[in-house]
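For clarity, chains are labelled A, B, C, D and E in written order, and residue numbers in each chain start from 1.
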């Protein structure tokens, strides 16, 4: 094994080792902060390794048999290192590292065993996410796909004693699992047709146009369904806002920067296959754009700071998917990377705010900029990046997406995305104005957090700026759209900011009044009810699934088993009835003999021979 | 119509009539008398079948012996109970149907027997041969019968004695 | 003059006759009310005969072929002797006045019935067969009412007697037709006659079958069984439930299978139908029983059905498997009845509830009962399993898969009521503490049965081989 | 002379049972130590077997043969191939864990352990027996002790008589342990009646006067025989494998049984049924299998979905797990019905995975029940805080149950899915996949209800698992994860057995 | 007369006997029915013997007659003991044992 193999394996193995260590050595885990140190050390080392891999920038694939079979393995595992994976490796390890450091302070009130549990899960998550990134095959991707889902479930439910957290955790698991059904059916079908899960083989087949499988469109659609669940695309996006019940660092890491982008990553990774099915691609694009818009409208009416960010994540994931659907996966991937940085920044910033004021409600905050200026600065940097201001990272990637969509002649999605630019700026600045400016509520003495929380914020803010600058200087992966695109999007963003300023800072526009005027009133109403989707799902779950299961349960107990009990009861009763022929009267017994004789006579004549 | 045929019909009527009387008459004592008649009629059937020895056995051993025991038993129970010896029947129709069914079943086989089976020629008195057979090949059977009779007597005595 | 061959053929009968005389004389000679010593004499005598029977070798037919001491007869006689020995042993400890004072009569009746069985097993002549049949039956009527002070006992005797006499009449009636059809009372001649074509022979064999069916207690000729079993004294019932049944089966084999060749198959559907009815009715009617003896009576009827399955196979292996079944049934069923006797003597009740918590009171007795029940239920590693298995195997070989399936499924019903007794013993708590007192002779009898069931369960091979050997010449 | 290792594995628990009965009266600790030692011997034996099994040679190995009844062709013939190898290992693991999981049985513990060990001998015997007759004997031995084990040491639930058959429920006493014990025993013996008939039919039709599997394998039976005998085997073994609609003994039985018995029964005995179908049904009757695969697979799909939905409807914890077994056994049967290499491998793998998983579940439920004295899910809540170890293990079991990767359940389900889509009845894939989702719903719902949520003050005194109980949990969880991460451990030997089987089925 | 005539006569007597057994309430009455049934057997046997010119039937008859006597003796003894214990000979009232 040469370095090009063992280095990525090492990057993958370090968090795993940390996980196993923490999982098995209970005293270490129960020590809490020591567990954190172990986990952080592991992820830091992994980060260094990832940077090393990235800086060298090689492409390498290595696989080993996982599920053996007679004629070649059914499934393999391995590592696939290429530019796509390299970039993700760095992003994942970096954000993980920062979040883990941040968590040390953020969760310092937790009991040591709980904290140990947290870091155990964090290590597992880092391992799973890295494994997903390095997957050379669909099956390995699916394995880690599920594992990150598991970590998401466990970490959303970190405060398992809270009923809301418990509910949110299972909801997240179930909804993403729903999408994963498609994923697994898709790869099973693909395997049945091609006998392989490996990207390399599949891509080669695609290249040679040898992948003429009946129903490839269906297969790819089903696989895409996995991404719909994981990357919170409409209509399976409903779990992500609820997932905010988890600790904020978790939201930053899993539900913003890394795990939720797995769907985008997968679609990007499998681009050669998706490229074969333009219909599915178009669908991906439309759904992405629609998701982006829909989530943005919901973000506009949300009052929970984390939920606003969550909807914004959904919205941005929609962008990425739209890009992938428009045949511009590079743009989408770029946005994935930049979004990973500034959304993590935003979440961690929000975490600092929540940590300070003890509430999630933006209407109960205000004037915090003075109390926690450092947090304010980095949060505004993140917001600007998200809103798409040059020269911050978000501007370029979003620009590239818009360009890609435009060039793919997908006007509808383009318009939706463009509108979303405006809305994004609006709802983010709504948060900024309400939180950091305006009148402060009387309660509490909020202040900037300790350095363990501040440092990650600054690092991320710096990276957001630096990456933006880097993108401004060179044109890494940027699409050159039409010349009017950049001004348009900047203008839209400015418009959004202006509207937010006018509404929430200056108060010249009454938000209530604005929401009451047509057509905003309809959107407002629907958005506040989350377009009825949560209700729909809850209704399906309770009204259909649980009721149906109760029906089946009833049928099983009282019909299927009932028939059995009926038979056995009748056997018993039959015995009871039959013994009445045993009347106790001697002559009735002679009747028995007589009947027996008759029976023999009759049988001897008419028995079928 | 030969003598035998005429005799058969007469005896058959008597036999069946007295048999029916046995199972239908309400007075148990009369029933016993009708049974005696039936047994005697059976003896006559034996005579018609050229078996005078069996006629004798039937009359002596069977008719008289059985009658004696039965009458004895009736007397005994009547003495104990001190009431009239009437008896009633149960489920006459059911019994009739089943008995008729059995008869029809038997008849169903009998009608398939060829009618023209000739009667074997008479070979003189069978009684000495009978005696030889009983002490010859049927010696063991006879001995067993002896044991049987003893045991039956033993059992009857065991039940009948009033001690203990 | 009887030659040595004749002596060889009759040695067991002569021995039994001598024993009868000895018991008779001893009974006369005893002064005082306690005549239980007669029981010891009879038991020892039967034991000696049992040992002798294992030395007896087949002999050529005697009395113009009326009487045959072949393998089947010897096999059956060994079985009768073992069963009788166990039955006598178990009744030795019986201290009821009737048994103490009338031990002479009791044992004379049993031994004479045994003599009837002996001859029945060897009879190849219709007349001899009928007489032996009656010699076997009549003492049983008396014995079942032996407790003549008990209302139930005498009632049972009357029922047994009435049904038995009617059946005897039917049997005799049938035999008269058989004789009429073939002009001979020799079974070999009967066997050679062409059966189905001759209506008189068919009628005769059918009617005679009804008579035998009464004796083995097949449905619907079984109806005397539960009442008689419930009311008569238990050791006698234990014996009654096995020995006359075995004799009945041997007689059935002699009349219906021996030497008839392929014609045997004509009986297959009839017997199979009767077997089905018997299995179903016996098992179903056993289900609601609360009295253990009654339960065992009905289960015994079901077992007869299983044996009829083997008979229905109408093959040498079928006969052999019935014989094997009979042996396991001797041990299993007698054992179960004897445990009931033990519990009833101690608890004064024959209800299944008397068994509550037996496992905690007398674990060994409970274990013995469990073994018997498992054997009766046809569970592996005890004798009854092989018995069922072999009859099924024989039936399957004859193509009667449906019958095997019916039998096997009904085994499950049977297990229900066996397990109910097991539940009383093992799962339910005892109603009162203390061990169940068992007399030494009864315990020995139970032990013999356990031994039989377990040994046959673990190593059935020699007996199976023996049964196959003796049944092969029938065809 | 070689050591008869299969006999050693098989009879060691039985020897333990005898030892316990005769030497350890009123000495509870000795009882347990004997049980640990003798099952330990089996476990070591099984591991050794697993280690030295020659994967290249394949076929039946560690062959033993002693004639029992030569004229009928019955002999004590043992051997293992890849499939039985894995199942022997499973049995060893489960019983070893089961001995620890029932450490706290106090009532009549001597008899309890003796019966348990006797039963295990039956289970081992079924997996290693090559003579159909001996196979059947072991089968019965594995079923019967259950009656007393449930009847004496079980627990009663409550089921209200309702519906159109309500009177029948009152008549049979549904819900009590006596009812459950009786139902289970009779139902399984009912199944064995079919098996017996099937075995006889084969024996008679082969005319070979041998009950040996190896001999019968060489006979090709007439298609009609194959069809009917396969059906008999399918129904007979299917009862034990919990096929719909013959499964209703299983929820009642498993719910009423004491911990170790539930573990063993759901974990291993139900596999006897599936193993029987695969080994005898498919192994001896290839054309019958092909002809009736549609039936098997379709009913398996019903099992998967129906079992999962039924599980979802339950309010009694043990019933949930019991119905989950019904659902998961559907995967086993489906895998077999696909008649493909991956499907069969998946089937066998699922036997193993489900065995460990459900063993773990029942061990946990037993612990929870023992501590909380309740099986009502609705009455529990927040146990995670007081019993984190049990909660963790339960979560692990849940995850395997819903087929999460890196647990054994995933591999099994994946392989079955792959097989299903390659079979002649592709649509089987969809109910099977839907089943995993339904499983996720009910299993996580239960986990949430019991372990998550605010801790109730009522249950604050509860304790986590202790001492010997940990042995069971850790052992089972480890196996579950190990085989999930390194599936080759199981598949490599299994594949050597499924391939020849398939060659016979598809290539006949 | 033909053989069939005798056999039919016997069959009728047999059926009448059976009828009596089934319908009489008094135990002694039932016994009389049984007698009739055995009687039918005898007619059969003698008829066969005569038509076949054979001795065996007569031998058989002798044994049957003797056995019938023995049966009746035992039967009557049972009736007597029943009467002594239960004060009735009505078969219908003897139903302590049932089910």
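Rule of thumb we're sticking to: a contact is a pair of C-beta atoms (placed from the backbone, for glycine too) under 8 Å apart; a residue touches a chain by one contact, two chains touch by 3 or more.
These figures come from a predicted structure and were not determined experimentally.
> Give me the set of chains touching chain A intersected with the set touching chain D.
Chains that touch both chain A and chain D, as defined above, are C.
> Counting only C-beta pairs in contact, which pair of chains has the most of them?
Top of the contact-pair ranking: B-E.
> Per-chain C-alpha centres versus the global one: which chain is nearest?
Centre-most chain by C-alpha means: D.
> As a test of understanding: of all chains, whose mean C-alpha position lies farthest from that of chain E?
Using the mean of the C-alpha atoms as each chain's centre, the farthest one from chain E is A.
> Could you pull out the chain whose C-alpha mean position is farthest off from that of chain D?
Chain centre farthest from chain D's centre: B.
> How many angstrom lie between the centres of chain B and chain D, each centre taken as the mean Cα position?
Centre-to-centre distance between chain B and chain D: 70 Å.
> Suppose each chain is reduced to the average of its Cα coordinates; what separation in Å results between chain A and chain B?
101
> From the C-alpha centre of chain B to that of chain C, how far is it in Å?
Each chain's C-alpha centroid was found; their separation is 31 Å.
> Quick one: chain D and chain E, Cα centre-to-centre, how many Å?
Taking the mean C-alpha position of each chain, the two centres sit 63 Å apart.
> For chain C, which residues are shared contacts with two or more other chains?
127, 131, 134, 138, 141-142, 145, 148-149, 158-159, 162, 166, 170, 202, 226-227, 288-289, 413
> Can you list the residues of chain E that touch 2 or more other chains?
Residues 7, 14, 17-18, 21-23, 30-31, 47, 52, 54, 56, 59, 63, 67, 70-71, 74, 77-79, 81, 91-92, 94-99.
> Show the residues in chain A shared as contacts by 2 or more other chains, in ascending order.
Residue numbers touching two or more other chains: 572, 579, 582, 584, 586-587, 590-591, 594-595, 597, 601.
> Hey, which chains are touching each other here?
Those chain pairs satisfying the definition are A-B, A-C, A-D, A-E, B-C, B-E, C-D, C-E.
> Using the touch definition from the top, list the residues of chain A that touch chain E in their complex.
Touching chain E from chain A are residues 579-580, 582-587, 590-591, 594.
> Note which residues of chain E are touching chain C in the complex, please.
7, 14, 17-18, 21, 27, 30-31, 34, 37-38, 40-41, 44-45, 47-48, 52, 54, 56-57, 59-60, 63-64, 67, 70-71, 74-75, 77-79, 81-82, 85-86, 91, 94-99
> Quick one: which bits of chain B touch chain A in the complex? Just the residue numbers, please.
Result: residues 90, 94, 98-99, 101-102, 105-106, 108 of chain B touch chain A.
> Any idea which chain C residues touch chain E in the complex?
By the definition above, chain C touches chain E via 126-127, 130-131, 134, 138, 141-142, 145, 148-152, 154-159, 161-162, 165-166, 168-170, 172-173, 175-177, 179-180, 183-185, 226-227, 230-231, 288-289, 294.
> Provide the residue numbers of chain E that touch chain A in the complex, in ascending order.
Listed in rising order, the residues are 18, 21-23, 30, 91-92, 94-99.
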